[in-house]
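The structure appears right after this line, and notes come after that.
Chain naming follows the written order as A, B, C and D, and within any one chain the residues start at number 1.
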C-alpha cells in the first residue's frame, strides 16, 4: 500500500494495521490491561474537554516549534517508547527514529527495543532522541544502558516508574506472547536479549520483567541516576500531584504523566485526567509531558492547554510503522502535525505558547445554568 | 418522490437524502471534522436540556413572527449558509431562497454558492436574504461581494469568523472532494470560480480556502467592514463570552453562536452549550443567533430560551433540497415551524417573547435531591 | 395465550403485545413525540435513583392499601387514562376497569374512550373510577361529560392540562392513524364520535384535538369546573413547582405530575425528575400523583418516596389488555403489586406510609468522595 | 477442559460456564432481580473509581495476608455464600471450600447448600470457614444450624439480613426453577431439604423462602443470636450508614456491605457505592466487608481503599466450579490474587494496610477544572 493515499487519520492507520499484523504482535501492541476500561478512559478524557476557540486573530503565520528540555523541535509531539517495534516492520525503531527526525518530533527509544541504541543513533543521527530506561536488578546492566545512550548522543533519560511489574494483558496471556524468534532485544546480549523468545507460563514479556527488573527501585535510585548521568531525567508514569511534587523537589527535569497506555493498572486515572493537577503541583519547576490516548491534533491542543509542554504518542507510530515503515510513521506524524496546526489556527493561536488553560473546559458549561 | 408524503421529520429527510445523493456530495454535506465527536455533541447538547412547560394559558392564538435585525419574519428559524447547494438539486440556492421566503424564514447565501448573488436575488426577491462573507486575501474581491449583496437587496452581512482555514473533514480527504465539473462557484469568475473543480492534494475546498482566504483577518477588519457597508454585520462563529463581549463593544449588530456545524475544530463547545454564557455576556447589546444541530422544533425553543433571537439550520435544508428541491426545502421549514408551534402551545406560550430562560433546565433536577 | 404463563414482568407483556397488535394501534399506543428522547428519559429517571433499604424490621405483615382522594384502595397504583382501548381488545375500557377493581387499583377513564362512561360504570360498578376530562370548545359537551361521570359514580375529575394541542407523534403521521371503522369514541354521538375514523392530513387524533378541544383554557376554567362539580379535581400534566403552587393555592384536590407519557413535548422533564420539587412546593396542600414510565414495583417505591401518594400506569395496561383482555390487565396489575410488595419488604417497610424521602438518593453517593 | 489453559480472567470463566451449564442452573446463578439494572450498577460502581497509584516505592516483597475476625488468611478475598453449588459441579461446596483453603481465602457456606455443614468441614478441615445463616420461623431449626456450624469448626456466623423475602428473578419465574431431583438442601431433613425440588407457582426457591424464613426478624433477633453463640457475627446485606451504626452500636463483629448480588431489590445502591459511607459511620468499631460485582483484582483494591477489610466474590466461584470443579475454583481465586498482587505493586503498596482512602477518587478530577 502507499501510506499516504487512503489513510487520512490515525484511526485509519490503526484499522489498516489491524488488518495486516499477525495476531501475536497486534494484540501485544493494542492491549490494555484487564478488561481495558482504562484504555477507553484514556480516549474519553479528551472527549470530555471542550476547546474554547478565540477568533479574529491573525493566524497567517504559525509556528509549532517548541524547546523541550533544551532541544528545539519542530512540534510538541513526540514518539513514546514502545518495545519491540520490529514486529511491526523490519526497519523497526530505526525507521521510527528517522521519521521522527524528519517531522521534527522527539523520538524515545525503549530499553526493550529490537534495534540497539547504536543502530538507532546511526540510522537517525539528527533526530532528537531520548532513551527510555528500565532499572534492572543488575545495576551494571542499567548503567551500561545509560552510558551507551549518552555516548550515542541521546538527549535525555526517560526513567519509567510505573512498571515494577508488568500489567496483566489478557490477550498476551492467551497468545502466550513471545518475540518472534528472528528478533531479539537488541540492547542486550545472551539471555537478556533472548529471554522473550519463549515462555513457559503466560506472556514472555511479563516473565522477563518479573525476573530481571528491579521491583525495589525508590526515589533513592532516582538520586543515584541523577548523580550518574549529566543527561536530563524524565520520570515517566506519574499520575498524582503527590508524586509530582516529590519529583520536582528532587530536581528531575521532566515528568511524563502517563499510565503506560493503560497497560498497567486497569482503572487508574487517565493521563489527561491527571495532567492539570500535576501541572499545578509542579508549578513550572520542571517540564511536564503527557502520553496516552493522543490520536488527534485536538488532543494535543487539550493536553498543552492542560499544562503539558509536549505530548507523546505510542501506538499511533506502531500503526504507521506497520502500514508502511518509515513512510507510514512519517505520515502519522504529519497527520497529527497538520491537525494540531489547524486546531491552532482555528483556536486563534499562532504559536504553542498561545495555548492557555482557559482555552479548555470540562464537560458542558450548561451545568452552570 | 413527493416530498410531503412519508417524510414527516427532519431525520426522515436526512435518511432519504442519504439514499439518493452521490457519495461525493453527501459526504461533503454531512461531515463534521475529525472523529466527529463534536457533531454528536451539537445534537446532545439539546438533549441535555429539559423544557419546563407552563400550563393553563390561553394558547389559542399563536404568533411565531419575530423581528430580526429590523426585518419582520414569519418565524425565528432561518437558513444557515451552506456552500455549493446545486450539488443537492439543480435549483440549488435559488430554490432554497424561494422556500425560505415562502415559509417566512431568513435565507443566508454562502460566498461559496453555486448560484450567484444576483441569481438568488432575482429568484427570491421577497425573501429576507443575508449574505455570508468570507474575507479573501484580495480585498477588492471581498468588497465587490459586499457591494453586490447590498445592491441586490440583501439585508445583512454575515461575516464568518471561524474559518481562517477549513477543518479537516476526513471523508472529503478520502473522496478527494471536488465540485462536479458542471458547477462553479457562481459569485466569481475565472480561477476563483473553478478552483474547486479539481484537486491535487486532498479536498479541493480546503485547498481553495488555504489559497484564497485571508488568514490574517482581525477585529480591525471587522471595523473596516463596518465602515465599508451600511448593512448590519453579524459575526458568525463565536463560541466564547470573551469574544462576544469584544464584538458587542465593537458595535456589531449580531453574533451567531456557531461551530460551523462541527466542521472546524472537532471538540469545541457545542453552540447550544456556548449560547447562554454568550447571551449573558452580550446583555442585549446586539442580537444573538445560534446554528448547529437544530433538528426539531423543541431545539429551537431551547435555543430561544437560552438567549437566541433566532436560530439557523444548515444541513436540514440540504436534505430538503436533495429530496425535492424547493418543495422539499419548504417542507423541512414547515416541519420545523409546526414543531415549534406545538412546543410553544404545549409550553404555555403564544408568542416568541414568551419563551424565557426559566423555561429550560440542564440535566436532571434530581441532582439537587 | 394464557396470560399468566410465561409473561412475568411488564416488559414481557409489552414484547408480547408488540408481536400481536396491528401496526396502526401498536404505534399509536407506544409512540412518544418527536425523536422519543423524552420517552427514554421517562424510564431513565427511575434508574438514576437508588433505593436505600433498611433492614431487620418485622415485615411479616404488609399492607399496600392507601386512601386516595378519600377512597380506600388496595394499592397505590392506578390505571392512567389512555384513549381508545378497544383497539387492544374487544372488551377495551370495560375489561380494564374490571381488572383494576379486582386488583384494588383506581381506574381512570379517558374522555376519548371506546367504551362510554355508562358502559364502564355498568361493567365495573365496584371499581374506584375517575373520569379524565378534556375541555371541548363547546362547554355544553364538556359539562355533559362531567355530569354523566358524576351520575355514573365516578369519584374524581382528572382534568388534563397538558394537551391544548396534541404532540407530534411521527409514527401516527406516517400511518395516517385512524380509529378502525368498527370502533367509535363512545362518549359522543355524531361527528364527535366518528371524526377519528378517517383523516385527510396526518393523524386523525391530532386533527380531532385541533378542531374540537379548547386551546384557550386557563386557570379560570379550573375555577369554573370546581364550581360546576362536587367531585374532587385532579390536574394532570403539571411538571413545574410554579404551576403546582398555583394549583394548590387554587384548592384543587390533586396534581398528577405527568408529561402525558412523553407524547406531547419531546424534551420536557421526566415526571420522576419533576416530582420531588412539585411535592415540596405543594407541601401537603393537595395530593400528588405521578404517571409516566412506571414499569416495575421499584419505580412505584421511588415515586412514593419522591412525594407521590399514588402512581398511575398507562401503556402497561394496554399491553395487558392486548395480551389477554381483563385477565391480562389483572396480571399486569398483579405483577406490579407483587413487585411493590417485595420492594416494601426488602426496604424494611410494612405500609405505604413507611416509605420516606430519605429512602431514595440520586446517582452515586461516591460523588461525595 | 483444563481449567488453567485459556481462561485467564474471571470473565473467561463466566463465558465458559455459560456455554456448559444447563439453563435452569445458569439462570439461577447469573440472574439479578427485575430488569437487572442493579446488576449492571454493581460492576459500574467500580469503573467510576480511579486508582491513584504511587510510584518509586520498594515493592519487591509483597504480602497479601490479612487478619479477618481474628483469623489470619492469605488474602483479603473470600468466597461469598451462594446456594446449591452442586448444580455447578458434583463436588459443589466441598470443592469450593477446599479451593478457598488452598488459596488462602475464607469460605462462606450457605444455609441453602447442597453439601452439609459436616460434609464441608470434613472436606476442607483447614479452610477458614464461615457459616451463612437464614433465620427460619422455626427457631429450633435455626439454632440447630448455628450449633452444628460451631461444632464443625466454622469461625463466624454470617447472618443475612437482606432477605426476608427473595427478590423477583424473572428467569427463575420463567424456568419455574427447581433444584434438580438428585440434589437436596443438605443441611436439612425431610421437607426442609426437598421443598425446592418442585414448584407449583414460579420459582421453588422463592416459595421455600416465603414459607420457611422468618419475615419478622428484627434487631432483637440479632441480640438473641449474639447471646446464643460465641462465634463472631457478621451482618450481611447492610447498605446504609443508618443501619451500619445500629449494627456497630449493638456490637456485631462484622458488617458485609452487600445487595445480595443485585438479586433482591433492583435499584438499590451498589455495594461499592454504599461502602465508603458505611465504613465512615462504623469508624472502626467492627470490621467491614463488601461483596457484589468483584471481578478483577483492581476491584478488590478499590473496595479496600473504600474501607473494606476483605471482599467476597459469589458468582465467580460458581463459574470456576462449573468449569473445572475444585481446580476451576482455585484458578479463579488465583487469578484474583495475582491481579490484586499486581495492582498492589503498581500502586506502590507492599501490604494490604498500605491501601488508603486517598488512593481512589470518584469520576474525573477534570470536573474540578
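Just so we're on the same page, contacts are C-beta pairs under 8 Å (C-beta built on N, C-alpha and C of every residue); 3 or more make two chains touch, one makes a residue touch a chain.
In this text, all values refer to a predicted model and were calculated from it rather than measured experimentally.
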Equivalent interface positions on chain A and chain D, same or different at half: different
Inter-copy rotation, chain B to chain C, in degrees (Cα atoms; steps of 5): 90
Return the chain whose centre of C-alpha atoms lies at maximal distance from the corresponding centre of chain A. C
Taking each chain's centre as the mean of its CA atoms, chain C sits from chain D at a distance in Å of 41
Report the inter-chain centroid distance for chain B and chain D in whole angstrom, where each centroid is the mean of the CA atoms. 58
Return the residues of chain D touching two or more other chains; collapse runs of consecutive numbers into ranges. 49, 361
Under the stated touch criterion, can you name all the chain pairs that qualify? A-B, A-D, B-C, C-D
Which stretch or stretches of chain D touch chain C in the complex? 34-35, 37, 45, 48-49, 161-165, 167-168, 170, 173-174, 202, 214-219, 221-222, 235, 237-240, 242-243, 246, 264-270, 272-274, 276-277, 360-363
Listed in rising order, chain B residues that touch chain C in their complex are 6, 8-9, 11-12, 46-47, 49-60, 295-296, 298, 302, 338-339, 342-343, 345-347, 361, 364-367, 369
